[in-house]
Structure formats: structure tokens, C-alpha cells
Amino acid sequence: MDLSFSPEEEAFRAEVREWVASALPPHLAEKAAVDAHFSMDEVMEWHKVLAAKGWIAPHWPEAVGGPGWSVTQRFIFTEELETAGTPQLSPFGLSMVGPLLIQFGTAAQKERYLPKILSGEEVWCQGYSEPGSGSDLASLRTEAKDEGDHFLVNGQKTWTTYAQYADWIFCLVRTNSTVKQQAGISFLLIDMKTEGVTVKPMLTSGHTPAFCDTFFDNVKVPKENVVGKIDQGWTMAKALLGHERTLIAAVGQCGRAIQRVKRIAQNETLDGKPLLEDPLFRAKIARLEIQLEAHRMANLRTLAGAQLGHAPGPESSILKLRGSEILQQALELQMEAMGQNALSWFNEPGVVPPDEEWVASVFNYTRATTIYGGSNEIQKNIIAKLILGLPQPGKA
Amino acid sequence: MDLSFSPEEEAFRAEVREWVASALPPHLAEKAAVDAHFSMDEVMEWHKVLAAKGWIAPHWPEAVGGPGWSVTQRFIFTEELETAGTPQLSPFGLSMVGPLLIQFGTAAQKERYLPKILSGEEVWCQGYSEPGSGSDLASLRTEAKDEGDHFLVNGQKTWTTYAQYADWIFCLVRTNSTVKQQAGISFLLIDMKTEGVTVKPMLTSGHTPAFCDTFFDNVKVPKENVVGKIDQGWTMAKALLGHERTLIAAVGQCGRAIQRVKRIAQNETLDGKPLLEDPLFRAKIARLEIQLEAHRMANLRTLAGAQLGHAPGPESSILKLRGSEILQQALELQMEAMGQNALSWFNEPGVVPPDEEWVASVFNYTRATTIYGGSNEIQKNIIAKLILGLPQPGKA
Amino acid sequence: MDLSLTEDQKMIRETAATFVKKESPVERSRKLRDTDLGHDAAVYRQMGELGWLGLPLPEHVGGFGGSMVDAAILLEEFGKTLVPEPYLASVVLGGMAVAHGASTAQQQELLGPMVEGDSVLALGWAERGSRYDASAIEARAEKRGDAWSITGEKVWVLGGHAADHLVVSAKTGAGVSLFHVAAGAKGLDVTTVKTMDGRKAATLRLEGAEGALLGDEGAAGPVLDHVLDKAAAAACAEGVGVANAVLWMTVEYLKTRKQFGVPIGIFQALQHRAVDMFVQTELLKGTSILANAKCESTDPVERAQAVSAAKAQLSTGGFFVVAQGTQLHGGVGVTDEHDISLYFKRMRALMALFGDEEHHVARYMTLPSFTEGI
Amino acid sequence: MDLSLTEDQKMIRETAATFVKKESPVERSRKLRDTDLGHDAAVYRQMGELGWLGLPLPEHVGGFGGSMVDAAILLEEFGKTLVPEPYLASVVLGGMAVAHGASTAQQQELLGPMVEGDSVLALGWAERGSRYDASAIEARAEKRGDAWSITGEKVWVLGGHAADHLVVSAKTGAGVSLFHVAAGAKGLDVTTVKTMDGRKAATLRLEGAEGALLGDEGAAGPVLDHVLDKAAAAACAEGVGVANAVLWMTVEYLKTRKQFGVPIGIFQALQHRAVDMFVQTELLKGTSILANAKCESTDPVERAQAVSAAKAQLSTGGFFVVAQGTQLHGGVGVTDEHDISLYFKRMRALMALFGDEEHHVARYMTLPSFTEGI
């Protein structure tokens, strides 16, 4: 057992850090400094910088465009990017449909989609949830009717984050309604420019344009756009879940958020001294930072397992649970550190110091982290069932 | 609305306080000072002092021996007793079977049992739980077979607290196994000296002799010992629950426990100063005391309702929840305040200061407060169902 | 001891409950977010007509001689539908500053019209560096003949953008004093700022603005302490309304939202979470009553003990309720278009006003009452 | 970076796991509660034969030159069945004090037999007024010819009642120093005290007891800091074992205990509580690894950061696990006869040793690393 990074790993970290500092365009660096919301254009601008460097898909096999890094290098790379506050890349292509296609796609599909995911030429979004089925995906009702050479898709998807900017959407659709719920679902790729696709964006509670409803009205989709086999979409969805889980620890992001708490508290004054010197407030930060230390170790332990070739299993649900909770608590502390400045909205320069300008917005939309990607309640159900083996209702 | 006590109420408080200070026998006062465990003999000694004064049953109607106090006086009285740390009276006669008999007992039963409950001549215990049925009382299996003029009782009761000192036990027993679970239960009074009753005491985790298993082996019980009607024990149990709920806020007890935290912290030294001056530890106490303030107000609001004649309903489950949690947390803080002295067991004088001598024992058995009297999980189920009206499993 | 409402108080609650339900549903607050004023002047005037603006103010200014407990009844109802009119700003902050700090004549001059709904008052007590300490200010006032010339900056002045009359604190040789500055005064710049909860406040920049001394020079310290305690108690009362609305909105959602073929409220983990929200809401009610009753006291220790307990409780229990209410709503809870996001933001704003958890715990634990009788 | 166990470490874990299961089930610990010694001298000797007592000690004293990470593997297994032999006391406290603080010759003299299981060591570092500060002591030593005469009192000396050799701290003109006092020394009174977790410790009263200076005079400060960091890390490792045992014991109970006709583990609120216990146990594992790896460091800041994080985590997460494990067991959980009450007490004792939550949070937040790079 060795908890320190090797000289090679440390050198890699330095290389990444230096490169990020020089490669992040100045107008993005400016926004990163205050954790401002990045527009999709800005996200894709950064995507293309990483793509040009060959660092856009650390978790992809080398054969299809990955850089061939070790698990530890990937951890370091992610932590460095998060710590620097670079735009968070859209995960739908790189971390969701991409890896799925690598695993299950046909040669033609791989050739058609993967290069444009890497280059950023095509932006993806996800069509899973529906108004009536959030956590209960198996009850979805968007229908893909077999019309011989193509499907005709009708229905509505919700929480299609960033659909307004997407070129493609991957969807779970019902292709067979005569069989048991999970059995009649297929995994379908749909071109957003197809006739009959409409997108209705809405604002998050942090006033960022993220969520959308996406409507399908007699949308024609070629049959070759099914990933895996028809009616086996559930298998695809489960495989994709495994890929998604590795993304979610947010260790660097949490660390960055706690650093911002400290910075705000350093500049706010209480009784003539920096708030950071107030023992009560300082202890709040310390207790959270200790939680982050514990979380970081849990993440490293999962990585160690991955290094030995174990696929991240249900125990990685812990990473989602803790990462999302710690991030929320860090934002709560940023707000508390600001005192009455926490009253500020995020778009009026000069009202509060730059470090505090975007906090209220981020604080608000960060409430979503314990909800999306499988709510924390769902993660607990997974652990209860798959790790603890506790009896399931209806099966007692 | 008026949050202050009237001059008459303040005078009453002073009267109670003075009387307690003079009436509590010195050897009990000595134990109270360190919150030592009181033996059952000591509890009954104090019972008899209160009985002689006419203050033993504040919540009983005047006609059957109550002092005729207002709800506020009863609150003050309880708070004063708890604050003084007098022995906690055995609730089984005074607060459970007594009020039930007042409500549902025959004239003969009242005459036979009530005076001896008041005087302390007869000690009671409770036979509800069984090894297989804790929270799920309706599944109980102790059987009372109808033998004409008497029942023949067979079975086992568990958590028959202080049964080893009891003269009588009130039991829920199954008198009819051909009907639905709750329908075939009767409420039965059993003389502990009857042949076939055996008691096996066990220690709590705080090494106090409280819990018992009680076994019934062909125990003959006269039929007149049924309270209410045969097979209507469930109605009795529910009525009794209403009486029990008013006991559980433990406001004075929590306040006393927090005072002890402060006293210990005043005497322990950290960096050359009293631990109480350490901002981190002091804030822990303050946060808990604020919880107690909130709890005290919740209790007063319930009392205000009672004053208007509303019977304490399911909302008083809150008092059980919060009282038990705050008491546990106060004991946790007592332990933390002690530092390494928290390692001490409770019966070796001189190892730790007197204020700390009994803390470990009380800390350990106080874990029971969130379990007994309807576990806190059960209290939450009650609130979810009866107050929030949330859908119940099996009835969706 | 008597915790029941008087007949008058019951009537106030009933009238207010009917008002918010019929005339000020939460959609009204949502619409007013996008206006410059942020509230409806006609509704504010209506509040005057109903006698609400004068409720906790003395009779000699046209008020009803009621207490903060009476005002708290209103504020709790206002919280239930996020009524945006500047009651807290005008009556509790501006109004109480004048009531506690000004001469009788000044009270009549400033409070008389406000009580009728004809003017809005606001109090500027905080500055960029002051955090929650009203004495840590840099604004200064100098005497110029009969009047005073005030220079400094005041931030987060609730209702300041809409106020006809501003009360501001500034230092003179004698200490912190209160001054009345008319809205249009020369040397006064009022900038409207949006607040996180969709409301408005003002930054005041005073450069030699002319003002009139209220009450005695240097006497504002205890006045502001008392006013801010009342304001904190008022925030708690409004917070009770917010928590209450979120609790029942969430319970309703749990009963109607279906997943896996059943209402999600059937799941015990969610049930217990809702129960925890209920428990916290009940605790907030109790501490709010305590704070609003005790904030009338002239004993600063008794007052601070109750107010700090309640405001700390709001920051923990109140936040728990809105955070868990959001969580239990799932995705819709974090959209701007769902009402719960407005309640969430209002609760967070109430937490930030007049002292956060750290401030009130720190104050509570340094009161002499904390170590009494150990 | 490599978090996997070496082949040697895997073997240690396997041997230890087999040992605790077969030779030291929790019933053994329960029985030994009532003996004067509190452990079994034969089992302690067996630990010597297995090479465990020398595992983290240098080779020149007969040790294996391993690390605290190796010892942590053992301690975690010991925690699972509450193995009562004085490993922490003799190897980590007494042993490390000698290893870090004494000359090579002294090390060989004192550690040699201990490593074989032929003697027990103990460390007296705490006094009535010292709380967790090893430098806040009053015991004094004076030179008398070649030897030293020590006067003072040491409390909560783990294993002190069974020790052949005591290491005690005392002040001389040069500062805090360590001394070796033999168990039978004149002027030394050893009183056995029962501890909450059913084990034993000692109060040492020294009145001019003869002792030998270990290492350099006045050099004990950093030595004790380092030793107590190692001991805190060791307590975390044992705590992982305790938490692990309670977690799975509770999960098993949830699966088998029936109420309302179903296993209670079917109720979602209880399921999620068990999940929270699992999460906390996993977090403890990580921080324990961190602490045990970093406690070898000679950089006191790096060491303190990791150890304080882990020990604070033990006090919150570890307590959560045993408290909720007790709660989920219902009534039986609070009886002396159920094993979970023994685990509960052991966890609480581990929390009280070498710094509680307050101590470690306070230390963590005053380290220079806390404000680095803001």
C-alpha cells in the first residue's frame, strides 16, 4: 500500500496543471475564477481545446481515441480540471453514449458517431425520463412504432438537459408493449434536426438554461439507429449506468468549492477580523473538509479496485451520495460566509465582491446534484439491495 | 397570548421547589446530585413521601386522589421534580394502569387498586411485548384460556421493566384466536405472587437492573381481573397510549442533563482554561440548548391545547421524538466533556470527579429512550399516517 | 401562561389567511419579481386600510398598540404565499426604528402616513464591512446648522428602492445616531438591487445628504439592537409560513406523484423525511412565538436569548424543510417554474437577514444567561 | 499510488481473520470482562509467537520492520470480535514510545522481550488535568545519581495494571522527558480501574519512584506527539473493525427479525439507515488507511492532518454506526447480554482515547495546511 503519488504521477499532474493554465482561453479563465455559468458555446470551445490536445476522452480505449492513461492518471487529470474550474464537459456523448457505442455499437455506428463525439462536432443529450416516469424508467411510454425500415417515434421526454443545443439525443423508447415493462424497450439514437422534434427549454432554479422538455411527433428514425438489439434497451441502460457512475465523485469540484468558502471567509469581516478566524465558522469548514478527505479516500479506494480490473460496482453509489452532499454543503457554507451578501442575485456586478457574485446561482442549482443521475434515495435503494442484500418489498 | 407564568404560578413553583428541597431524604438527595441510579426501594421511598403530601398523582382527577392542579401547574411540578433530579417514579401504576382504571375500571376495580397505587403499597409493571412481537403488538401469543370462572394464562412477556419488584402486572393476552389479530386480545391484571409466574431479570447496557422476562405457566387469573370487556384489550391499549404520551417530553430532565454538561465542562481544563470557554465545545452545548428551547415550546403548546380540553393527540409524538433525542445528545456531550474520563465505569469512587461518576452508566442506558414507549420509528409512522395522511402500504 | 390567541388575534389570522388565499396567491409574487418595484403599491395601501401597517405601532401615531406577536400572525400568513409587500421593511425595520428611536413628534410625522399606507419607510443599518453588527459602521454625520450632513454607504436596505423616507445610521462624535433622510434628498443616490429571492433592495450612497437627527445623538445603539431583534423575530414568523407551505405542498406531492405504480408517499424513507419536515416546522412555530413575545422585552438578555434561539432554529430547521421539500419534489423542485423554488429562495433570504446560524449561536452562548446557575 | 495490500499484508489479514473467528470470538472478550487481568496472558504470548507484537517495530529489536499500516490490519480484525489483549497499550503506546524515544540499547532491552510476548509495556502520558495535551503535566523527575526519582500521578494508563514495564512522562529542568519504571519499583502504586468497555486500565501514583531516563532529557514532546498520532490511527483501525461488525450484525438482524409478519429489513426507512451505516463504515475505512499510512511521517503537519481527520471521522461516523446499530436492534440492543452493547461501549471508549471530535477538529483547523493556497 502506498498513498503517495509516484514521481511520474506527480510530473503528470504538473504537466496537466501547466497545460490547463496556458490552454484555457482567457475569457473562460475569467469566468472560471468566479465559477460563473458557462454557456454551451463556451463548454464546446473548451471541449475542442481538449480534443485538439488528445485529452478529451481519458476513459476511452486508446484504439478509439483515448490517451491510454492509467486509472490514477485519470483521477489526477479529473481532479486538476475540476480544481482549475474549467467548464464541465457535456457528459452525454463522452461518458454515456460514447462508451456504450464502444461496447455495443456496430462497426458502422462507431465509425459514424465516435469521431464527432471526440471532436465536439456533434453535441448529444439524453432522453430517459418522462413526465410520468422519473425514477421508474421501466414505465416509460414514448413509443417507437415499427414501420418496416424505420420507426415512428411519438412521445415526450423530460429533463433532456441541454437538448436545445444538441445535435443528437439517445432515447429509451417502447418498441413492444405486449411484453413485461422492461422487456419492450429499445435504445435509440435520434437526430434532433429530424422533423417532428421540438424542444422547450426551461430555467433551473439558479436561472441557468439547462433543463428541457423534448417532444416527438411522428419522428422518423432509421432502424440502424438502434444500439444493441431491438427490445434490449434495458440492458443498454444498465450498461450505461456503470459508465456514468465513475464520473460522479466530484472530488476536485468539492475541493474547489471549499477553497472558495475559505477565500470568502478570509475577506469577510467579523468583529474586525476575517470571518475565517472565527472558531465557529472555521470549524464548520474544517468538518466539511474532513468529510471531503474521507470522500477522497473512498474515491481512491474505488479507483484502486478499478486499477485491478474490477468494474465499479454498486459501491460506487457511495461516491454519488457523498460527492453531491458535500458539494451542496460547501455551497451552503459559501452562502453563510457571505452574510447578508447571500441576498444577492448573480448578475449585478459590483454589488458583492467577484468571489461571491455567482454563489447564489450555483447554490440554487446545486440542489439538483442529489436528484439527478439517480436520486440519492435511489442510490440508497441500490446499496440496500445489491450490497446489503436487504429483503425487497413484494418479495418477502 | 402570554408566555410568562402568572405570579400565582411562580409562587406555586417556589412552593414546589422549597418543598422538594426539604422533603427529599438526604441519602436520596446525595444520589440525585450525581444522577446515580436509584434502586426500586429508593424510588418507592420517594413515592411514599409524595403520596403523604398528596402530590403523587397530579394528572388524576381530584375525586380519586389528584391534587386538582391546572395543566400549567402540572407542567411546573414535573419540571421542578426533573430539574431537582428526584427519583423517577414508576409510571406503570400512576400513569398507565391507574388512569386506565379510572376511565374504564369497574367500581370494584377502582376501589381495589387505585388507593394502593397512590400509596405505593402495590408496585405495578407492564406485560405488553413478547419475544416475537415488539412493535407489532397485535401478533402477541400469550394465551388466556377461559376456564369458566378464571383464565389459565400461558406465555412469555419481555421488557417487563422492574417486574422483579412488582406486585402486579397488567398484560395484553390473547383470549380468542379465532378472530382477527387485534380483535381477540384482552387487558388482564395479574397478581405477580400467583403460582406459575416467574421473573428473569437482566441488566441494561448501563448495568442497571431494569429489564425482565416474565413467564406464565398455567397461571390462574380470576375473570374479574379483566379491564374493559373480554376481547376488547386493543381498545384499552390504545386508550392507555394516550395517557402515556403526556409523560414523555422530559423537558426538565433534558435541562438538568445540559446543566451537567456545563458543570463538567466548567471543571475540565483545556489549554489551561475551563473547557466551557472553548468556543467549539460551548457551541455544541448552545446548539443543543437551543433545541431544548424549541422542544420546551413544543411541550408548552401541547399543554396549551390540553388546557383548552383537547386530548393530546398524535402530535404529541413529537414530544417523545425530541425529548428522547435531546436527552441522548446531552448525555453524549457529558461524555465528550469528560475527555478520557469517559472511559470510566460508574462504580469506582475517586477515579473521576463526583459529577462524572454516573455519566457512563446513564449514557449507556439512555440509548433506550429512543426505543421504548414506541420506538422513534414507530412515532414517525404514527405522524406520517395520522397527521400527514400519507398513503399506507397495502392500501395504495 | 397562556398560549392561545385572543379573539382579536384570531380575527387577524382569519382575515390574513383569507387575504393571502384570495388576493395574493403565490402567482402574484411570481409576476411581481419582474417589475421594478417588486410589489404592488395598491396592495400596500390596502394593508394600511386593513389596519395591518399600524398593528404593532403605538396608538399615538395611529397604530393599534398591538405587539410583535400580532404582527407575527400576519407575517406567518404572508410567508405562506410569499406576499412581497414591504411589511418587514416598512413596519418592522423603518417603523420600529422610528417608534423606538425618535421623538413623539417625529413618530407622528413619519409613522402617521405610513400606518395609513401612504408612505413606505426603510432602514439602512448595514454597510459592506459590518456583517451583522449594526455598530460596525463607517457612515458619518456632521452638524450643519439645524440639519445634519451624512456621508457613507448603506447596503441591503430592504424596501429602500421604494421608500419615501429612509432611516439611516451614522456616527457622530457622540456615537451611532439615527437620521431621517427623505427619498429625494440631494446627495442621496438610491440604486435598486435584485435579491436572490426575486425581490428588491437598495444600496444607498450618501454624499453629504441632508438628514434630521432622530431622537438623541449617540443613542442609536440600543435602539438598533432592539429593532433588529424584532426584525429577526419577524423573519422567523415569516419563515414559519414558508416552512408550513413547503411542508404541505410536499405532502400533497407525495400523495399524488406516482412511481412504480404507487404514490411515492408510500415509501417509508420519504414518509419519515416528511415527518422530519413536520417536526421542524412545529419547532419553528414554537420558537417563533417565543421570539416574537420576548422581543418586546426591554431586557436585552432575555430578548437576545429568545431571538437568537429562534433565528438559529430557522437557519437549521427552516433550511431543512425547504431543502428536503425540494429534494422530495425531485427534478421539478429545481426548476424556476415550480413554486417550491421560490419558497426555497425566500427561506434562504430570511436566513441571511439579521444574523445567520453562526451569529446567533455565538451570541446565544455569550449571554450571561448561558452560564447562570451552573 | 497503490492502495492494494501486499502479499505479506494479505497473509496478515487472513491469519488474523482466522484467529479472531476461531480463537477469539466475542464471547471470550465477554468472559474476560470479569477477570482481574481483563485479558488472557497466554493469548498475548501467542501474539508474540505469531510475530504480531513486533510487526510495526524495527528489526534490531526483533521486530518485523513493518509499518502502522500492517498493525492496522491486525487491529481492524481485533475490533471485529473485541479482542481484549493489550496490543494498542503494549505495542503502539509503550512500544512506540520506546522505539521513538529511547536509545538503541534501551530499545533492545525493553522491546526485545515484549516482541516475544514475554512482557507487557504501557505508557503513562495523561494526568487528571491534562485532557489530551501530553505536555500539560505536573509529574516531576529529579536526578538522583545515575537514576531519576519521579513523583506524580498518571491516569488511564491502558494496560498499566498488567504491565511489566511502564514508560511515564515527567518534567525535568529540560522539559518533558520519558522514563522507564519497572512494575515493582518502590514508590510506585498501581491501581487497577475498570473501564466503561469492560476492560482495565491503571492509575499510577509515583512518589519518588525510581526510573531510568529514556533517550535525551527534555526530548519527549515530539516523541509523545508522534506516538499519540500512531495510537489515534490505531484506534481508528480498531474502530473500523468494530463498525464493520456492528454493520453486518445489524443487517443480519434486519433480515431475520420479523414484525408485522415480515422481516423488518423490508422497511425502507430502516434500509436507508443501514445504508447510512454502510456509508459511514466505508468512509472510516478510507480515513483509517490514510491515518495509518501518514502517521509514519516525520512531518507533524502531514501526520496531524490525516490523523485528526480520521479520528474526528471516527467520533462522528463511528458513533453513528454503533448508535444506529443499537437503535435498529430495538430493546435487545440496550441489554448487557446482547453483544452489540459491548461493541457500542468499545467504540465509545475508542472515541475517548487520544482526542475526541472537538480536539481533532480544533487541531485540524489550526494546522498551516488548512489555510494553504487560499
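To keep things simple, chains are lettered A, B, C and D as they appear, and every chain counts its residues starting from 1.
The rule we apply is simple: a contact is a pair of C-beta atoms (placed from the backbone, for glycine too) under 8 Å apart; a residue touches a chain by one contact, two chains touch by 3 or more.
What you are looking at is a predicted structure, and each value in this text was computed from that prediction instead of being measured.
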Longest centre-to-centre distance from chain B, chain (CA-based): A
By C-beta contact count, B-C versus A-B, the higher one is B-C
Rounded to the nearest whole Å, what is the centre-to-centre distance of chain A and chain B, using the mean of the C-alpha atoms as each centre? 51
Where chain A and chain D are represented by their mean Cα positions, the distance between them in whole Å: 41
Contacts with two or more other chains, residues of chain D listed in rising order: 267-272, 361-362
What positions in chain B touch 2 or more of the other chains? 279-280, 283, 377, 380, 393
Listed in rising order, chain D residues that touch chain B in their complex are 126, 129, 131-133, 136, 155-156, 193-197, 201, 203, 258-261, 267, 269-270, 319, 323, 326-327, 330-331, 333-338, 341, 344-345, 348-349, 351-353, 356-358, 361-362
Provide the residue numbers of chain C that touch chain B in the complex, in ascending order. 1-6, 9, 69, 251, 254-255, 262-263, 265-266, 268, 271-272, 274-276, 278-279, 282-287, 289-290, 293-294, 306, 308-309, 312-313, 317, 361-362, 364-365, 370-371, 373-374
Counting only contacts in the complex, chain A reaches chain D at residues 1-6, 9, 72, 259, 262-263, 266, 276, 279, 282-283, 285-287, 289-290, 293-298, 300-301, 303-304, 307-308, 315, 318, 321-322, 377, 380-381, 383-384, 387-393, 396
Under the touch definition given earlier, write down the residues of chain B that touch chain A in their complex. 279-280, 283, 393
Write out the stretch or stretches of chain B touching chain D in their complex. 129, 132-136, 139, 158-159, 202-205, 207, 211, 268-272, 275, 278, 280-281, 284, 332, 335-336, 338-345, 347-348, 351, 360, 363-365, 367-368, 370-372, 375-377, 380
